[in-house]
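Next up, some structures in structure tokens.
Each of the next two complexes has chain A plus one more chain, namely chain B in the first and chain C in the second.
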Partner chain A sequence: MSSPEWKNPVIKWVDSRLPVFSMMHHSTAGYPTPRNLNYLWNFGSLALTCLIVMVLTGFFLAMNYTPHVDLAFDSVERIMRDVNYGWLLRYLHMNGASMFFIVVYIHIFRGFYYGSYKGPREILWILGVVIMLLMMGTAFMGYVLPWGQMSLWGATVITNLFSAFPIVGDFIVTLLWGGFSVDNPTLNRFYAIHYLLPFVLFAVVGLHLWALHTSKSSNPLGIEAKLPEDSIPFHPYYTIKDLFGMGVFFIFFLYFVFWAPNFFGEPDNYIPANPMVTPAHIVPEWYFLPYYAILRAITFDIFIIPAKLGGVIAMFASILVWVALPWLDGSKVRSAKFRPIFKWFFWVLLADFIFLGYLGKMPAEQPYVIMSQLATAYYFAHFFVILPLLGKLEKTAQLPESISSAVLKKSEDA
Partner chain B sequence: MRKLILAAVAALTLSMGTAHASGGEYHPELMKQTWSFDGIFGRYDQKQLRRGYQIYEEVCSSCHSLRLVAYRNLAALGFTEDEIKEIAAEKEINLPHGPDGSLLNDDDEFYTRPAKPSDRFVPPYANDAAAVDANSALPPDLSLMAKARIGGPDYVYSFLMGNPEEVPEEIAHQKGFTPNEDKTFNLYFPGYNSSMPNQITDELVEYEDGTAPTAKQHAQDIVAFLNWAAEPELDERKSMGLKVMLFLILLTAMLYALKRKIWANVKH
Partner chain C sequence: MADTATNVENKTEGGESRRDFLLLATSAVGVAGTAAAIWPFVDSMNPSADVLALSTTEADISQIELGQSVTFVWRGKPIFVRHRTAAEIEQAVKDDSAALVDVQKDADRVQKSEWLILLGVCTHLGCVPLGQKPGDPRGEFGGWFCPCHGSHYDTSGRIRKGPAPLNLAVPPYTFLDDTNVKIG
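After this line comes the complex of A and B, so read on.
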């Protein structure tokens, strides 16, 4: 769509030198969006909302936080007790992290279901995986900052994983720690990185949106918009729909902030970090639990790979496999709507992922170990066996002519 | 089918959750209490907090610190400024420097002055080592106790009330259980052997407001006070929540109406 003729002379003057107004027009009223997006397509804008909430609250928290092992815990409690609305800022930030992951998980699984990762959106999808990895790094380091028991011991367990890598492992761990155990230098560098990564996130989100605006949104039917009547302008249709979604989201989010602020947290993190006392169960935050289960599932050596390294590789692979997803899934049809068998496997994968999350919270003993192993095996089988086979074997349903014909037919039937 | 899978997962999760609480060690269900600060409309009961403060002051504070709470915070319990000054002034605070911040001479150990409302609660011992020395173990600081245990206030209540005379059968026969004469058997404490003797008895303190001094009453009052110490913002948080929610629900309803209006002519 072409740029409008700007009538206001000031806007015209600015726009001919720096086309910000044209750009804003292009990405709103001039941005064609499929007319049939359902509410699952709200979660992209919700994720950006979360990022903004996190950056804003984090900025004010940083003004009052002290990154030192002797002072960090008390500085957080000072925020909770003495800083004006400090408790609100901190509970927004703490629960905001969980909300961010809830939103992003729904966003990702929506992509799985509707095949949003398929061409021409591979780069859009891979940038999403990069965003997820950056989020995980940021969240992990942020959890260390209050310097409670789970901060210290979670950091100890996770950083130690890197020692599994041959030759460079110990070097990486020392580099992460800034010394020979998780201590003050670790806290300092984690704080610095925790403040840096959100800016990197913003940059990658920018690329993600750029890729999106190039290939345009996918949609529940999984067919490209071809006819003019397949699409509607983003503004006002999706701006208002996104705003309504944000209203619902904030009701959900703020319920936890005001009435159950520690629902997602571990009580142990209200005990100041103590290197001499190990907590009975060291568990990561809920959003890491599925990967934690996969990590612990590898209890056996695989040829020359020792169990610990195998676990670490499996854990990283469980996310990195998403990068290869556009090529592992060979089906020409995107949406699960027209893939009668894939649809079932999607729900089994989701159940498997949730089950892995449950196993991540359980102690590393039987029967949980064998269950983790089976669930992990299934997880990888989904990507490496089931999807490629389905691409060849599945008989998909007839795709509609166009988005508009399907939509109009549906509304006639109704 | 989709619902069936989800239901199966949920059922599995629930059934396994109860069987394996607390990593294999058997502990009875927590004694769940009804707290005035429960729920969406929950608020602290100021009278109860004052009774709890009295118990902390007369009983707990001889061993346990409350280092994150300041005397000025007692205003939330309805104490006047003068009363708070008096309460603080009864305590002595030891500082490693003089009143003007200057370092002390070598022969002076501390500069001692009466506590002020701006001071945090003065701890019973000079440091952790002194606390361990005076007790068989370190009595933990209680500032955050009510949210530092799974179950929160219900756990603290159960712990305080969890010292039966006899060890129950199912625990006595559990492998790994070793009775310890020097410790106190506690139903809820990890490992069952607590260094804290039973404190909660009938008529532990004499309440100024005439409330019946039963053991249960005492335990509820001290736990309510400790919950306030851990979450002093609770009243403000919950009342702000109601206003924010009312606003958000109205706003969201209007956004929905607007969305319907804008989309009225678009088939989708």
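After this line comes the complex of A and C, so read on.
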């Protein structure tokens, strides 16, 4: 799409030297977007909204937080009681983390359903996986900062994961701790990293958007926009739709902030950290539960791999397998709309993932252990067995000729 | 196109003005909502409850000898309490009629004339003037001297020479009894 002719002499002068106005035009009014996007396509902009809310509230919280083992817990309580609107900032930040993961999980599963990861969007998808990993690191370290019991023991358990690696394991753990247990140096460096990672996130989100604007949005039909009438400009059609979605999202978000601020939290984290006593029932935040279940499911040695290392590998693999997804799913058809068998397996995978989350919350005893093992086996089977087989065997439905023909036909039928 | 036809039709029925109204109303709500959302962020940078709780200081002045000055801390800033001699009081009252930069009578700056209580912050750029300790320079007018940019204050804490525009401020205070003062 060609650059617009700028009439305002100041804009013209600036734009010919630094084309910010042309860039803004290209990503808004001049950005062609499929005309058939449904509300699941709102979740990208919602994720960015979450990131901005987190950075803003985090910045103001940082002005009042003290990263020291003796002062951290009290400084958070001071934020809650003494700082003007400190309770609001903290509850926005706390619940904002959960909202961010809700939005991103929907965004990811949207991608699973509609095959958004397929060519030419592989790099766009992989950047998304990188964003997810960065988010997980940021969220984990943020959870350590209030220095409650769950902060300390969550940090202890998660950092100890790295001790599973042979030879370098103990070295890595000591390096993470800056000592011989999770203590003040650990809290200090986690705070520094927690503040750094969002900037890295912004950078990777920038790349994610760059890749998006290169290959353009996918759409529920999973066929590329070819004809001019297949697309509509992003602005005003999708800016207004995204804004509307944002309004609905904030109603949901603020419900928790104002009426159930501790819904997603663990009560144990309101007990100050005590390195001598581990809480009886230690669980991660809800958004980590599926991976936690996979970690705990490996209770047996796999050939020469001991169970401890096997669990850690399985946990990391459960996310890293998404990177290979564009090549594991060999089907030429993107959208589940035209894949009658895959569609069902998608829902089974979603159910399996939620079930894993439930199991992650349950104690590590029977029957939950065997259930976790079965659910974990199914999870990996979906990616390594079912998807490759479906790509070869599934008989897909007839794809429409174009987005506009499918959309206009539907409106004629109605 | 169908869109164009609708637009024309709306225009004749006043549809354009209805659309304009919706746009303006939505924008207004958006601006008001954004402003309301910004306020908690800004306000969080204002003094918090625990800081405000420290906004008064009680000073015991019973141990301050005649002619001696003592510094107390109020809201993180120095408070000068000087037990003035008769000569200092006399000089201060006499200078009521001198050429003052910031005209104020000595009587308006004290509650009890032997006790001069001031905020020890130079009104130029916020340094703490010298003159509290016995060996300190007290400037040309026997009060305080700010070493940063050379402001001279007299025995009533009034600016007499140098770049400072105003007299040393008098904080709000009350005598709880003869020897205890509540500042703030």
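Methods note: the second predicted complex is superposed on the first by the 414 of 414 C-alpha atoms of A that agree within 3 Å, B and C clash if a C-alpha of one lies under 4 Å from a C-alpha of the other, contacts with A are read in each partner's own complex, and residues count from 1 in each chain.
Note that contacts are C-beta pairs under 8 Å (C-beta built on N, C-alpha and C of every residue); 3 or more make two chains touch, one makes a residue touch a chain.
The shown structure was predicted, so the numbers you read here are calculated from the model rather than taken from an experiment.
Could you classify chain B and chain C on chain A, in the superposed arrangement, as clash or fit?
On the shared chain A, the partners fit.
Applying the touch criterion given at the start, work out whether A:A377 contacts chain B, chain C, both or neither, answering first, second, both or neither.
A:A377 contacts neither chain B nor chain C.
Between chain C and chain B, which one touches more residues of chain A when both complexes sit on the common chain A?
More residues of chain A are touched by B.
For A:F60, is the partner it touches chain B (first), chain C (second), both, or none of the two (neither)?
In the superposition, A:F60 contacts chain C only.
Is A:A280 touching the first partner chain B, the second partner chain C, both, or neither of them?
first
In the superposed arrangement, which partner chain does A:R81 touch: chain B (first), chain C (second), both, or neither?
both
Could you tell me how near the closest CA atoms of chain B and chain C get once both structures are overlaid on the shared chain, in Å?
5
Once the two structures are fitted together, what part of chain A is touched by chain B and by chain C alike?
Comparing the two interfaces on chain A, one with chain B and one with chain C, the shared residues are 81, 88.
In their shared complex, at which residues does chain A touch chain B?
Residues in contact with chain B: 35-37, 74, 77, 80-81, 87-88, 91, 232, 236-237, 240-241, 243-244, 247-248, 250-251, 254-255, 257-259, 261-262, 267-268, 270-271, 280-281, 344, 347-348, 351, 354-355, 358, 362-363, 365, 407-408, 410-411.
Given the complex with chain A, which residues does chain C contribute to the contact?
Per the stated touch rule, the residues are 40-41, 43-46, 48-51.
Which positions of chain B touch chain A when the two form their complex?
Going through chain B, the ones touching chain A are 1-2, 5-6, 8-9, 12-13, 16, 20, 23-24, 39-40, 68, 73, 143-144, 147-150, 152, 190, 230, 232-233, 237-238, 240-241, 244-245, 248-249, 251-252, 255-256, 258-259, 262-263, 266-268.
Given the complex with chain C, which residues does chain A contribute to the contact?
Of all residues in chain A, those touching chain C are 56-57, 60, 63-64, 78, 81-86, 88-89.
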